[in-house]
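I have placed the structure first, in the form of structure tokens, so that the comments after it can refer back to it.
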Amino acid sequence: MSFMSRKLKSSLFGYLFIFPALIGFLLFYAWPAGRAVGISFTDWNLLSEPYYVGLDNYVEMLEDDQFWNGLKLSAYYVLLNIPLQIMLGLFLAVAMDRLTKSLFVKAAILLPYLLSNVLVALVWLWMLDPILGIVNSLVAFFGLAPQAYLGDPDQALVSVAAINIWRHMGLCAMLFLAGLQTIPKYLYESASLEGVTEFQMFRKITLPLLRPVMVFVLVTSVTGSFQIFDTIAVTTAGGPLDSTRVIVYYIVQNAFSFYKMGYASAMSVTLCMIMLAYTLLQMHIMRASESDLN
Amino acid sequence: MILIKKITPARCVAWLVLITMLVVTLFPLLFVAKTSFVPAGELYTTSTQLLPDNPTLSNYKKIFGLLSTEESIAAGGSGANINITTSMINSVIFTGIIVIVQTFNCALAAYAFARIPFYGSKLLFGAFVASMMIPSVVTLIPNFVLMRDLGLLNSMLGMVAPFFLMHGFAVFFLRQFFISLPKDIEEAAQLDGANSFMIFFKIALPLSWAPLMTVATLTTINMWNEFLWPFLIATDDSMKTLPVALQSFKSQTPQGQPDWGGLMAATVIATIPTIIMLFFFGRRIVESVQFTGGK
Amino acid sequence: MANITLKNVTKRFDKLETIHGVNLKLCDGEFVVFVGPSGCGKSTLLRLIAGLEEITEGVIEIADKNMNNVAPANRGVAMVFQSYALYPHMSVRENMSFGMEMRGESKENIHTRITKASHILQLDELLDRKPRQLSGGQRQRVAIGRAIVREPDVFLFDEPLSNLDAELRVDMRIQIAQLHAKLKTTMIYVTHDQVEAMTLADKIVVLRAGHIEQVGSPMDLYHNPNNAFVAGFIGSPKMNFLPALISDIEADNLVMVAFNGQKIPFKIQSDKLSIGDPVTLGFRPEHIHLAKQEDGFHFDITVDVAEHLGGISYLYSQVEDNKVIIEISGENLLASGDVLSVGIKQSDCYLFDQAGKTLIDRALPNR
């Protein structure tokens, strides 16, 4: 033992400790990520041998309207989803912070997030059923015309967004609530002594101090929403009329319905680049917005 | 101390918002529960009612396979089958293996990154963290091909493979915790003659129950709800997890239209484990979820 | 024989060198105290000896064996940490037995050693408690107990009493002194409380910025500090320093030091001084008299603040921008604003050159 330098010995231990995780990392993250790039340069239907085609898949991708449409729909979905989800979450968090510490309320608000996307999709598929669904009954009750929701090309993506807002609103609220509770109460007390109104307090104290949580929620929910798949697989399967064929759905379809592995990989690698660029940009902003507390 | 709070207009509005949100959150689930007790023929007539006219358990009998195919079609079934018991068991095994093995592996790795100086640790930790940023759809195809080549399609090993060894967030989160543990406790153990493994198992792990449970809770939520990967691997009914089984139950409509009663009964059954967990571990779950944004 | 030798021990953290080639010899059974201002490297030196940090250059020997590549557990050292570092999830008994179990000691052996140690430290009642159920002082005793049961060749203490309140500190200090008298094991003790240093040490090592300034017995350092830094560090309240001048040089290294218009001869150990050179005059607060002394300096002061502690009083004042503290024993009625004439004996004076090096060799008092 005394022959080995300490760093060498602790390195031995270090690698023993990380061994299982390292295998997992190499086998299921690093290698497949590299392999995806490799596959993207081939034409491959899983049955025959892959056939090297150079950049053909990328060229095809750039000329593929469905690809651009997928990206556009994903981006549109993010825009429909995120602002409302964050606003509702924030609203709920502030209300809960002021009114109740009840665990029941928290648990109930969080419940939809704890159910799987598939399950939530089924619930809303039923709720939004044009004939049997309660939503149309309510619409009729208010004297409005019944809608097709998930069956209507103009409404399908909005409906999917609404479903996901329902599922994630509670999560947002919980994250914001945690953020709110790190804001010291004396800030509000001293502000109210100075006669600041509640709304001003929210704008001048709460929102700025909530910025780190806000950035976190933004990053995770934007990248997450951009990759929406489950709900669409259950509710619309990309339809009607491709109106919900978002990018990940299109990629999975190419890979596992059309068996165009090379093309699907080319798109997924491109998606990865887009997500990476977005994350790096956000991290840049995040660094500029370190918490003002402590 | 009980404070009698002033009733202000703002507070009233806030309560109104909160209660509305609670209703919006819970009502759909109650409505689904109601539907699951409605006999096949009455779906339309009772669609606006809060309670069924003639409550029945036939939907539940159907999904638990207690009725023959003919009986089940007669009871409004689509003729499709869902092995809800099997898929529930699969979900438990799938989630259980991943949660236990992944948490343990990540704790080991996180401890090494936090405390053991080794060649390449900074680089590897950076790589582990970066793995969080890779969209799952990128690794999906190569991983699927790998499972196919290894003959692991339709096997539990194939289903847990990409998850159970490592997870970037868990390593990151636990490393933060291990760094915050007072170092001199471990140094005392070092002087007492414990090697890194003993320090990990006898000192660090016993002091880490709370963060380990947080990680395990989050992994449980994510894996219980995981859809795409098991959907690709488990094509055989006997291997499907709950979300996969629900999806295929929904999409098999031999009779032309979905069996709403059966589907809603299955939805209720699939919701029950979550409600039970929430009932027993509500605080832990809420706090774990909140933790993800706190760091 | 657990004597300890440090040869040219150097420690760098990355690029930053914090211990600069320290040489030190500690004898078996000595109680050695490391003192120095915060950040001077006391803890680092102790951790190098324990093996918790790897030395960058040099050699550490314990009992004449090179320890550079020996694991901490095999160096025959036991350490008591400032934070106690008890295992929070283990009972007192388990805390003490953990190390012995790691070493594979027999059950009976473990039992007898714990019984013995808990007897010495009066821990018998506490053996089944968890650390969080103990008071600070009790935790400290457990930490010491955990060190004792290992029967080490060397005990290492890193500011073990700094988390205790004043009264308990005195108590524990005495207990540690008794422990040393009983075990006669080599002990190295880090502190920046110079009362602890003076009362406990056989040998004090004064450190500054990663260098050893002086090594010696407490009285040695008190009477014969090598330099102004050690002089200022040992003794409480701190030594007073005032500027003076060499006014004349006579034969045999005899110089006249001028201060406040008075000239007094000193026998110095340097021949590098010339007439007109500035020097620093040092004198301890407890050596100032409220009367002019024959054969000594005297000057007038105005009391800024007077603190009366009962048996003792401290007077704070200012002489030409230099703070002067005076310690007077016995009760008195002095108050802020009073003007006093004070005197210091020549034999109580310390003298330092511009670089802070001592100029005179002061005789130790005879018994």
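When the chains are written out, they are named A, B and C in that same order, and each has its own residue count from 1.
Here is the rule we use: contacts are C-beta pairs under 8 Å (C-beta built on N, C-alpha and C of every residue); 3 or more make two chains touch, one makes a residue touch a chain.
Everything numeric here is computed off the predicted structure, so don't read it as measured data.
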item: Dominant chain pairing [most C-beta pairs in contact]; value: A-B
item: Farthest chain relative to chain A (centres taken as mean CA coordinates); value: C
item: Computed distance of Cα centres, chain C from chain B, in Å; value: 59
item: Distance from chain B to chain A - Cα centre to Cα centre, in angstrom; value: 16
item: Chain C-touching residues of chain B, taken from the complex the two chains share; value: 182, 184-185, 187-194, 198, 202-203, 206-207
item: Interfacial residue positions of chain B with respect to chain A in the complex; value: 10-11, 14-15, 17-18, 21-22, 24-26, 28-29, 31-32, 35, 43-44, 47-48, 105-106, 108-109, 111-113, 116-119, 121, 124, 127-128, 131, 133-146, 148, 161-162, 164-166, 168, 171, 195-197, 200, 221, 224-228, 231-232, 242-244, 246-247, 250, 260, 263-264, 267, 270-271, 274-275, 277-278, 282-283, 285-286, 289-294
item: Chain B partner contacts - residues on chain A that touch it in the complex; value: 7, 10-18, 20-25, 27-33, 35-36, 39, 46, 88, 91-92, 94-96, 98-100, 103-119, 122-127, 129, 131-134, 137, 166, 169-171, 174-175, 177-179, 182, 198, 213, 216-217, 223, 227, 229-230, 233-234, 248, 251-252, 255-256, 261, 264-265, 268-269, 271-272, 275-276, 279
item: Residues of chain C defined as touching chain B within the complex; value: 50, 52, 72-74, 77-79, 81-83, 85-89, 98-99, 102-103, 146, 150
